[in-house]
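Take a look at the following structure, please.
Per-chain numbering from 1; labels A, B, C, D and E assigned in written order.
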Amino acid sequence: QEQFIGLPSYRVGPFGSNGASLYGGWIDYMAMVNARDGGVNGVKLTWEECETEYNNARGVECYERLKNKGPTGNSVFQPLSTGITYSVLEKVAQDKIPLVTIGYGRTDAADGRVFPWVFPMITTYWSQASAIVNYIGQKSGGMDKLKGKKIGLLYHDSAYGKESHAIIDKLAEKHGFEVQKIAVANPGNEQQAQWLQIRQSKPDYVILWGWGVMNATALRTAAKTGYSRDKIIGVWWSGSEEDTIPAGDAAKGYVAAGFNVAGANYPVIKDIQSQVYAKNAGNMEDKNRIGSVLYNRGVVHGIITVEAIRTAQEKYGKGKPMTGEQIRWGFENLNLDSQRLAALGATGFMPDLKISCEDHEGGGKVKFQQWDGTQWKVVSDWVEADRPLVRGMIEESAAAYAKEKGITPRDCSKES
Amino acid sequence: MTMTATASAATQASPYLSINNVEVIYDHVILVLKGVSLQVEKGSIVALLGANGAGKSTTLKSISNLLRAERGDVTKGSIEFKGNRIDQMTPNDLVRRGVIQVMEGRHCFGHLTIEENLLTGSYTRSISRSELKENLDKVYHYFPRLKTRRTSQAGYTSGGEQQMCAIGRALMAKPEMILLDEPSMGLAPQIVEEIFEIVKDLNSKEQVSFLLAEQNTMVALRYADFGYIMENGRIVMEGAASDLATNEDVKEFYLGLSGEGRKSFRDVKHYRRRKRWLS
Amino acid sequence: MLYREAGQFKASYQEDQQIFPIRQDRIGMAVILAFFFLAVPMLASQYWLQAILIPVLIFSLAAIGLNILTGYAGQLSLGSAAFMAVGAFGAYNFILRIDGMPFLVGVLLGGLSAAAVGVAFGLPSLRIKGFYLAVATLAAQFFIVWALVKFPWFSNNSSSGVITAQQIEILGFAFNTPESKYLLTLAIVTVLAFVAKNLVRSTTGRSWMAVRDMDVAAEVIGIRPMRAKLSAFAVSSFYCGVAGALYAYTYLGTVEPEGFSLDLSFRILFMIIIGGVGSIMGSFLGAAFIVLLPIFLNVGMHAVFGSAMPAGMASNLELIIFGGLIIFFLIVEPHGLARLWQLAKDKLRLWPFPH
Amino acid sequence: MMMNDMANVASSTGGGGRRIGEVILDLKNISLRFGGVKALTDISFDIREHEIRSIIGPNGAGKSSMLNVINGVYHPQEGQILFRGEPRQKMEPHMAAAQGIARTFQNIALFKGMTVLDNIMTGRNLKMKCNLFHHALFFGKAQREEIEHRKKVEEVIDFLEIQSIRKTPVGRLPYGLQKRVELARALAAEPTMLLLDEPMAGMNVEEKQDMCRFILDVNDQFGTTIVLIEHDMGVVMDISDRVVVLDYGKKIGDGPPDEVKNNPDVIAAYLGTSH
Amino acid sequence: MGFFFEVLIGGLLSGVLYALVALGFVLIYKASGVFNFAQGAMVFFAALTFVGFQEVLPGWTGLEPGSIAVFWMAFVLALASMVVLGILTEKVVLRPLVNQPHITLFMATIGLTFLVEGIAQAIWGNHVRGLDLGIADEPIEWVLDSADIIVSKFDVFAATLAGILVASLALFFQYTKVGRALRAVADDHQAALSIGIPLQHIWAIVWAVAGFVALVAGLIWGARSGVQFALTFTALKALPVLILGGFTSVPGAIVGGLIIGASEKLAEVYIGPFVGGGIEGWFPYMLALLFLLVRPEGLFGEKHIDRV
């Protein structure tokens, strides 16, 4: 009995180093489940990687190549690239394969009524922006203290970076702070002009909405121009070791959001060490990176995937490989409460999560970590987003999409 | 113009440069030389004559090994210089051994000045500054026109100036054997004479041997000791230059002379006799 | 002597001017077209249609576009992907904003917008040559993508800059199966490929090539370099634009500006160089080569090594082999696959004799 | 000087029944400089309809530059050019082509990537009327036009006897044939004036004879005015009507061949004593 | 006004760093007429090899990690690797392609790009590393105190290094025999062969020197933004510099760098806000384009000789 999972991965190219950790964590988790539990209720997990080079066309090819593999076809498609996500967004509904995008992808797909097959889980870009503002509010001693403050938004000048604008503007209006948006052209290995602007306008905080080499360069240049690093709050694609190590000392004090934390001291990671690496298996070539932010994020991907399969089996029959349609149900009814997280050995490792027919996001909580020069240290509890505000925007946007495409939203009260 | 005496005196037992039954194919399919054999004695001037496309340049390039850069290959036969096979040597080796080619169609380095062009000619030699200067002066002495244009970029000089530059550049390498491809092309009559005088000079004073592909048969045969005539990738006739110059066919087809002497270009008829060697 | 022309005489110039003057070629072409139009939709799996054939066709079209500009008119360009983007976003907006806009007209207008933008960025080519021009075309590449991201109007105010192609409908028939999308793409590409072939063998094509080979001489003969270059830019960008629209509509369905990155431009350039600069046929061969090679390598790598090799190593090895093969092909035949094909035909003509 | 020329022309008319006509191109006091290099200094001469006008002179004298001035590639700093009595303004090469001036080049300027036939067809470019959209379809009008012009081109091909190489890419042709193709391309434009820059360089006598015959035939049959640069004095003296001699950018002689041949300045500067 | 100068000076210094990468392109273009697309990959390869050796050397030799000795050993080994890479490139890629059209050679260097990227990552892995050259990237204090302008020590160091490199290479090309031969090769491969210039050696030398320049550029850029794949993108910053200064001019690289660096920063600060910013991606190209319209061969490039 096997359950097949297709892994569109990227291990070369500009994001190759991110890919290595992410897929490493994910694959290691699945290998650990196979080794420790003999799979999910006896159903072995199998997988195959397909190199996308972070390229949309190749991502689509991988999608098509992987979709019919294994006894029940591909269980879930997680491209780890917003571009590829968009490219397969419509195909997944036809092929009945759930599309899971954790912490990236199309934000308004969190409205499960319009996007039954898409799961932007744990948190979306909008929730993240809102959580960051909330965190800044906390640090300033309450949301009301935000009034009159100035927040810089240093963003990667791309669709990804611009995702933040709408929500930040809304929040600025709501809380009365001022936003200074500063674009950084791709790839962002030069930011002299931007940081001199920041030096001149002296914002109270800078949100770093960066990507790849842009992050390290931002920290470096901030140090050069004398902007205090603990006033820079990064998003989760700016908050990994890959971003801080190259910045060297300049990264010390820098804070970043994350929907998972770093560290190897969690039971789930220890299980991986003892069940997989102790037997000389394991996907990571560089073992030092086990427990890094991105590796742990990979583990989160693994946990969610496996738990969705498990949930589906509970409804459709334990010990049987599930079809994509059944797994979709699994995702939609996924409930990782603190009890379940404890059982998984992931307490504090990732936020609790409850997905429903309407809400494919399921929490929107992030933690903040600070880089102390050698590693990430958690400096906050789980911080919630401004859920009503974000949800309102999501529904509005999803409704517009539904209108444009002529989709009638599902009636969730009729779903079982 | 009887150079034959000196040339035969220099003749040695083994030929200086010899090409034996060489076949050349371009691009793996175009067969251009179909078994060419020829010899150059030390200290002689040998002319290679023939119509356009006969394969003269190809022959020269197969000796100097510049063929490979044009995706051509010597597929059969051998080439020897002073008794050594040279078909596998790089052009650099050959220049060091004293064999240099002056390519057809000028090929100056357009962005370098005339003087820089000449200086690159001595690349293979390690000589002192003063020696270099001396050499340069010698070339300027042969081609005074070059001296006046020495600081111009070669690309902007006239066709004839470029031709002089290319020849002068080869002289800078102090060669023993020069493969001259159409030296007279595009040069004013006076300069053509001068160039051939230079050839003769180098030949008699410095014992430089020449293999020259030339269209100006009249002048070529006047200065050469020996000649080969090529057609369609084969040698169709060979002989002492003086003999060739009196051959009826050569006279008619290569010198433009017929029974009654030189004919005006205005009066040449369209239909002519077939060449006897094609019969 | 399978492939021989002897015995095929042409009695009129008209016959001599056919696209395929040699009978074997005509038969071959008919067989190929029949195969791709009739057999393939029936035989090929969804994977082949959607993940291989459609993109190969679309990239072939883009490669033809670039080939017209670079191969025929001699203007090296690194901005093809940007012109594809203009085509995609152009078609999207025309279809979105004008009620009842027929799909094909929308695509055509998308192509024309690309042509207009292409002409604007082609203007410097009148003065700038060679690699200077190539680098200068990067201005187009970066500027266009930047503008598409920056001005939300282009993506109908989508928060992420992503556009979702509308349903394709021609005369009431909806193209939503892979087969129908494939046939639609194939039809458009075939027609445009023939048009391209016509253009390059006509006066227009000759003036492009003349400008490419020696523009001073061309001008002395009476060819206007400006007209030739700009028309090449226009036609080339038009092809890229249509390819971009198809990329959005029949292939991906949803596209973002960044998808049309410099990387894609280079990929198209590889196609024409590997396929053969200055050859319509080569564009197809090159596109197939560049699209298929990484996939075959990826699949092959899995088949050969399975999980024995670390995944990162496998990916790097793919990259190394890909680069190595490009170099290898160039050394074997610098004029590309099309030339290899030509040489093979030359040999066949003589076969079994060596020369 | 001018008067003198006229007289000479009158006396040399005749041969082959050609009628030498009016002055069609009149160059007055042309000077051309490139930075410090004076390529042409104060040169005046004229070209009459139907004549064969040769320009000779040592290397670097400015002959090619003169042709480039005539067809608008170079713009002289001083002087005036009258074409059929009209003074020329702002000349671009393609305008010269439109006026019926065609030429060949010293360093062959064929389109290397194209076949012989295509190269010659480009010569007819100016006479073609179809546009890009016609070409895209290649039916009807475009095809008719193509065939019509192909016929003309075939005439030129027959005339120059290059039928056998019609479909060969020019890059692979031997030098002499390339020169001939270049001539064919120029002739395809049916020019009224043909500028030939060393058309016989790198040819043997036999080929030169052929080339001379082509030039004479063109001149004879179509009345094309010919401006010829050539270093082979045999050719120049045999076929020209009048000869201009340049040296270092200055005119040192002008007149019928016999007169030029015996001009002491010309002998000193160019011909040398051996001829 | 202080702010203006700050931006200007920062831009000029950045520009010099662009020039450092551009220099590698110039070298190879000047010597073979080849536009070496792989230059960015070489920068990445060099830097990665350097830090790779820095990581493994202590294990091999027992030296203290981060010590001066390790630094220089790694430098020498990385340099040796670049030389080997240069020689191999000549042997495997260029030699069989002598006298081919430039676009073919250009394409071959694209193939080389993949090869070099793949090999670098296969050997050293692809994770991101920091690189510390021991020169702090912090403002020079007395300038900051007296004029309130930030001038980074690191940038000044890098600029000085670039200046020295440029000066020595310019002299080399103009006045030495090999330099002259290099320029000759760029004009006409075949003619160069015919007079006995050994293309093989020449190219091996040039690629090795370009490898050295890539190493220097890689170290400087690696120290600024970490040693990671994105180093290959430095090429994109160098290209406008290259065309502005002229493909064939060593001093042009510096001048082009200064102009591009300063104007792109000023544009981002003063024009950017009006159009939504992020114009640094295309602005340098547009600027270079404008310059080219006036001088099609760049400020100091060799004129394209086009005669009939």
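What we mean here is this: a contact is a pair of C-beta atoms (placed from the backbone, for glycine too) under 8 Å apart; a residue touches a chain by one contact, two chains touch by 3 or more.
Predicted model only: the values in this text are computed from it and were never measured.
Between B-E and A-E, more C-beta contact pairs join the chains of A-E. Chain centre most remote from that of chain E: D (centre = mean of CA atoms). Here the spacing of chain A and chain C, counted between their Cα centres, is 36 Å. Taking the mean of the C-alpha atoms as each chain's centre, chain D and chain E sit 49 Å apart.
Within chain A, the positions touching two or more other chains are listed as 11-12, 16, 20, 157, 185-186, 285.
Among the residues of chain D, those in touch with two or more other chains are 64, 73, 105-107, 109.
Multi-chain contact residues of chain B (touching two or more other chains): 156. The touching residues of chain E, when paired with chain B in their complex, are 98-99, 177, 180-181, 183-184, 186-198, 200, 248, 302, 305, 307. Those residues of chain D that touch chain B in the shared complex are 15, 34, 37, 57-61, 64, 106-107, 172-177, 198, 201-209, 212-213, 216, 231-235, 238-239, 270-272, 274-275. Those residues of chain B that touch chain E in the complex are listed here as 64, 66, 68-70, 90-92, 94-96, 100-103, 107-112, 116-117, 119-121, 123-124, 153, 155-156, 166, 169-170, 173. Per the touch definition, chain B reaches chain C in the complex via residues 25, 27-29, 31. By the touch rule above, chain C contacts chain A in their complex via residues 46-47, 50-52, 55, 146, 149-150, 159-162, 164, 251-259, 263, 291, 294-295, 298-299, 302, 310-316, 318-319.
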